[in-house]
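Input: structures, listed below.
Note that chain A is present in both complexes that follow, paired respectively with chain B and with chain C.
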Partner chain A sequence: MGERIAFAIAAAGALGCAAGVVTLSNPFRAAVSLIGTLLSVAVLFLLAAAPFAAAIQVIVYAGAIVVLFLFVIAYLGERPPRIGPDPMGRWAFLMATGVGVLVALGLIGLLRSHLPGMRAAFAEAGDIGSPRAIGMAFVDTHSLVFEATSLVLLIAALGAVLLARRAVLGERGR
Partner chain B sequence: MSVHEPFWLMLIKAGLLAFTVITIFAYVMLWERKLLGRFQARYGPNRTGLVGYMQPLADVVKLIFKEDFVPRGANKVLFHVAPVMAIACAVTGIAIIPFGTTGELFGHEFTMYGTDLSVGVLVLFALSGLGFYGMILGGWASGNKYSLLGAARTAAQLVSYEVAMGLSIIGVIMIAQSLSLVDIVNAQMNSVWYILCQPLGFAVFVVAAVAETNRTPFDLPEAESELVAGYLTEYGGLKFAIFAMAEYVNMIVLSGLGATLFLGGFDGPWLPQWLSWLWLLAKIFVFLFLFIWLRATLPRLRYDQLMRFGWKVLLPLATLNLIVTAIVVGIFFQND
Partner chain C sequence: MGISLMYYLLVSGGLFALGLLGVLIRRNPLLLLLSVELMLNGANVALIGFSRHWNSTDGQVFALVVMVVAAAEVVIGLGLIVAVFRQRIALDVDGMDHLKG
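This part shows the complex of A and B:
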C-alpha cells in the first residue's frame, strides 16, 4: 500500500512538473520544474528496485546537466515575454488533434499489453538494479555495445575540443 | 547482514543524529572563530559565558530577532525555499556516515549508523549536488546582480570539482569492492586504512572537498571583496543563519565521508566497541581543523586559476590514480 501511495505521488509529480517544463514561459522556472521531474523519476526508479539508476539520475541529470542549463539561463538573463499573437496559433487545432491521437494510441497500447502486474501477479524481476548487476551487464553481457559507446563518446569529446579550438583560434585572429 | 530495527528506534536515532550534527555545527563555527583568532595572533570570542562558549547561543538569539527581509525584485517562493533546500540536503547526508557497529538496546537490535545503503557513496553525491541548488536558486531568486554572479560561479565550480571528487574516490570503491560505507569501513578493519594505498586519491579528495564546501581558497561564490557576499547578499536573519548552517553541516558530512573512506571511519584501537564513534569524531575534527587552517593560511584563487586547477591538475591526477588502481586491482585481487 505504501509503495502505491509513493508511486502515485511520484508519478503525479513527474507528470505535473513535466507539464510545467513545457508550459512555463520563464525559462528559469521551467528548468526548476525539470529538476522536479527528474527527482520524481528518481523516486520511480527507487520503487522499481533500481537504486543505482536513481542515484545516477540525480547526480548526472539533476546534479550536473540542469545546473549547466541554469548557468546558461542565468548568464543570458531574463528576456521580456514576446507580445502579439502566437504565429503558430492557426495550427492549434491540428496540434491538439495530434496530441489527442497520440494519447489515445498510448492508452490503447497500454490496455492491450500484458505488462507484468497489469492483470496477473507481479513477476519477480531478480537482481537487475544493483551496482553489481549493472556492472556485470556492462562488462560481461553487453561488453561490445559498452565499448562501442565509449568509442563514440571519445569521438564526440575530441570533436568538441576541435570545434572549440577552431572558435578560439578564430577569435584570436580577429 | 541487514538488521531489522523497530520504527521508533529509527526515529529516535534520526532525531539524535540531526540534533548532534546541528550542535556540532554551532561549536565548529565558534572554534573556527577562536582558531582564526589564534592564527592571527589575537584571542577570538571569549566574552560570552565561560571563555566564550555561550557565543553560538547568543548569535542564534540575535539572528532570530533580526528583521525577515525580502527584496522587492525577488522571486518570493524560491527565495524562501532555497535555504530550506540547502539545509535539508546537508543534514540528510549524515544518515549515511556509519559511526559504529551493530549492538543491542532493551532487547532490540540496533545499528550505529543512520542507514546502510548499497549505493551509499552515490547518495551522498546526489545530496551534495541537490544542496547546491539551494545556493543557485537563492542567488537567482534574490534579484540582485551580485547574487546572480555568485549563483553562476557556484554552478561552474560545482560541475568542475564534483567530477574530480567522484573520480578520486573510485579507487577506494574498487579496493573495497563496495559502494556501501559500512562495507568500506569493514574492509579497512580487515586490511589497512586506505590513505596508505590511496595517498593521491586522498589528496585530490581533500582539495575537491574544500572546493565543494565553498571554503577559502575556493570561496569564489561568496567572495566578499568582489561580490559583496555572492548568493548570500540579500539574505539576513534566520535565512542567512540557515545558509551558514548548511555550509558547516556540509563540511562536517564531507569530513565524515573523508574519515570513512580514507581514515578507517570509526575504526581505532583502545576504545570499547560502543565508544567507537569517538574515533570518528576525532577524525572529523582533524578534517575540520584542516579546513580552518587552510582558510587562515591561503588567499582566494582567481577565477581562471580555479577553473584551470580543477580541469588541468585535479582531473588528470584523479584519472591517473584511477587507472593505476584499476590495473593493480585487476592484476593482484582474486575474483570472488
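This part shows the complex of A and C:
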C-alpha cells in the first residue's frame, strides 16, 4: 500500500510539473518546473527497482542538463519582443486536438491490450538495477553500445565547439 | 498491493503527450527543448517499467543510453539557440523558416 501511495504522489508530481513546463510562459519557471518532473520521475525509477538509473536521473538530468538550461536562459537574458501577439504558435488549438485524439487512441490500445501480467502487481524483483548489474550489462552484452555512447558524446562536444566558433566569427564579420 | 506495468505506461503516455503538445504549440525554442526532454522522460519511464516487468536489466541500459542522447541533444540544441541569438534574430521558431548556407 505504501508503494502505491508513493507512486501516486510521484506520478501526480511528474504530470503536474510537466503541465507547468508546457504552460508557463517564463522559460526560467518552465525549467524549474522541469526539475520537479525529473525528480518525480526519479522516484518512479526507485519504485521500479532502478536505483542506479534514479541516481543518474538526479545527477545528470536535474543536476547537469537543467543547470545548462538555466545558464543559457540567464545568458540570453531579456528576449527581444515577440513578433505576434499570441504566445502560442499558429494552429495551437488544432495541435491540441490532434494530441488529444492520439491520447484517446493510446488509452484505448492500452486498455484493450492483452500483454501477460500487465495488470497484475510486479513480481519480486531480482538484482536488475544495482550499479553492479548495470555495469556488468554494459561490459558484457552491451559493450558496443557503451563505445557508441562515448562517440556520440564526443561528436556532440565537437559540434557545440564548432557552432560557438562560427557564431563568434559571424559576429566579428559585421 | 503493488504497482503494475499499467500505471507506468499511463504515466509514460501522459508525459509523452504533454511533451508533444509543448513541442507543437510553443514558439520559444528554449521551451521546445524543455518539451523534448519531457518526451524523452516519458519514454524512459516506459523503458524502466518494462525492465521491472520482465525482470531484466536491458531496459535500464536502454534508458541510460537515452539519457546520454538527451545530453548530446541539449548541448547541440542550446548551441544552436545561442548562435541564433547572437545573430540578433528573435527567438521564435515560427519566424525561423529560411535555410541558407
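The criterion applied here is as follows: the second predicted complex is superposed on the first by the 131 of 174 C-alpha atoms of A that agree within 3 Å, B and C clash if a C-alpha of one lies under 4 Å from a C-alpha of the other, contacts with A are read in each partner's own complex, and residues count from 1 in each chain.
Here is the rule we use: contacts are C-beta pairs under 8 Å (C-beta built on N, C-alpha and C of every residue); 3 or more make two chains touch, one makes a residue touch a chain.
A quick note: this is a predicted structure, and the numbers were derived from the prediction, not measured.
Undergrad: Have a look at where A:Thr149 lands relative to chain B and chain C in the superposition and call it first, second, both or neither.
TA: second
Undergrad: With the two structures laid over each other on chain A, which partner does A:Leu102 touch: chain B (first), chain C (second), both, or neither?
TA: A:Leu102 sits against chain C, while chain B stays out of touch.
Undergrad: Could you say whether A:Val139 touches chain B, chain C, both of them, or neither, answering first, second, both or neither?
TA: neither
Undergrad: Between chain B (first) and chain C (second), which does A:Pro131 come into contact with in this model arrangement: first, second, both, or neither?
TA: Touch status of A:Pro131: first partner only.
Undergrad: More residues of chain A are touched by which partner: chain B or chain C?
TA: So, of the two partners, C touches more residues of chain A.
Undergrad: Tell me the contact category for A:Ile35 with respect to chain B and chain C: first, second, both or neither.
TA: After superposing on A, A:Ile35 lies in contact with chain B but is clear of chain C.
Undergrad: By the touch definition at the top of the document, which applies to A:Leu68: first (chain B), second (chain C), both, or neither?
TA: So A:Leu68 meets both chain B and chain C here.
Undergrad: Which partner chains sit in contact with A:Ile56 here, chain B, chain C, both or neither? Use first/second/both/neither.
TA: After superposition on chain A, A:Ile56 lies in contact with both partners, chain B and chain C.
Undergrad: Shared contact residues on chain A for chain B and chain C?
TA: Comparing the two interfaces on chain A, one with chain B and one with chain C, the shared residues are 52, 56, 64, 68, 75.
Undergrad: Show which residues of chain A lie in contact with chain B when the two form their complex.
TA: My answer: residues 28, 32, 35, 39, 51-52, 55-56, 58-59, 62-64, 67-68, 70-71, 74-75, 130-131.
Undergrad: With touch defined as at the start, can you tell me which chain B residues reach chain A in the complex?
TA: Going by the criterion above, the answer is residues 78, 117-119, 122-123, 125-126, 128-130, 132-133, 136-137, 140, 148, 151-152, 155-156, 158-159, 162, 166, 179.
Undergrad: Flag every residue of chain A that touches chain C in the complex, lowest number first.
TA: That would be residues 1, 3-4, 7, 11, 14-15, 18-19, 21-22, 27, 30-31, 34, 37-38, 41, 44-45, 47-50, 52-53, 56-57, 60-61, 64-65, 68-69, 72-73, 75-76, 79-84, 87-90, 92, 95-96, 98-99, 102-103, 106-107, 110, 115, 117-123, 125-126, 128-129, 133-134, 136-138, 141-142, 145, 149, 152-153, 155-157, 159-160, 163-164, 166-168, 170-171 of chain A.
Undergrad: So in the complex, the part of chain C that touches chain A is made up of which residues?
TA: These residues of chain C touch chain A: 1-11, 13-15, 17-22, 24-28, 30-31, 33-35, 37-38, 41, 44-45, 48-49, 51-53, 55-58, 60-61, 63-65, 67-76, 78-83, 85-88, 90-95.
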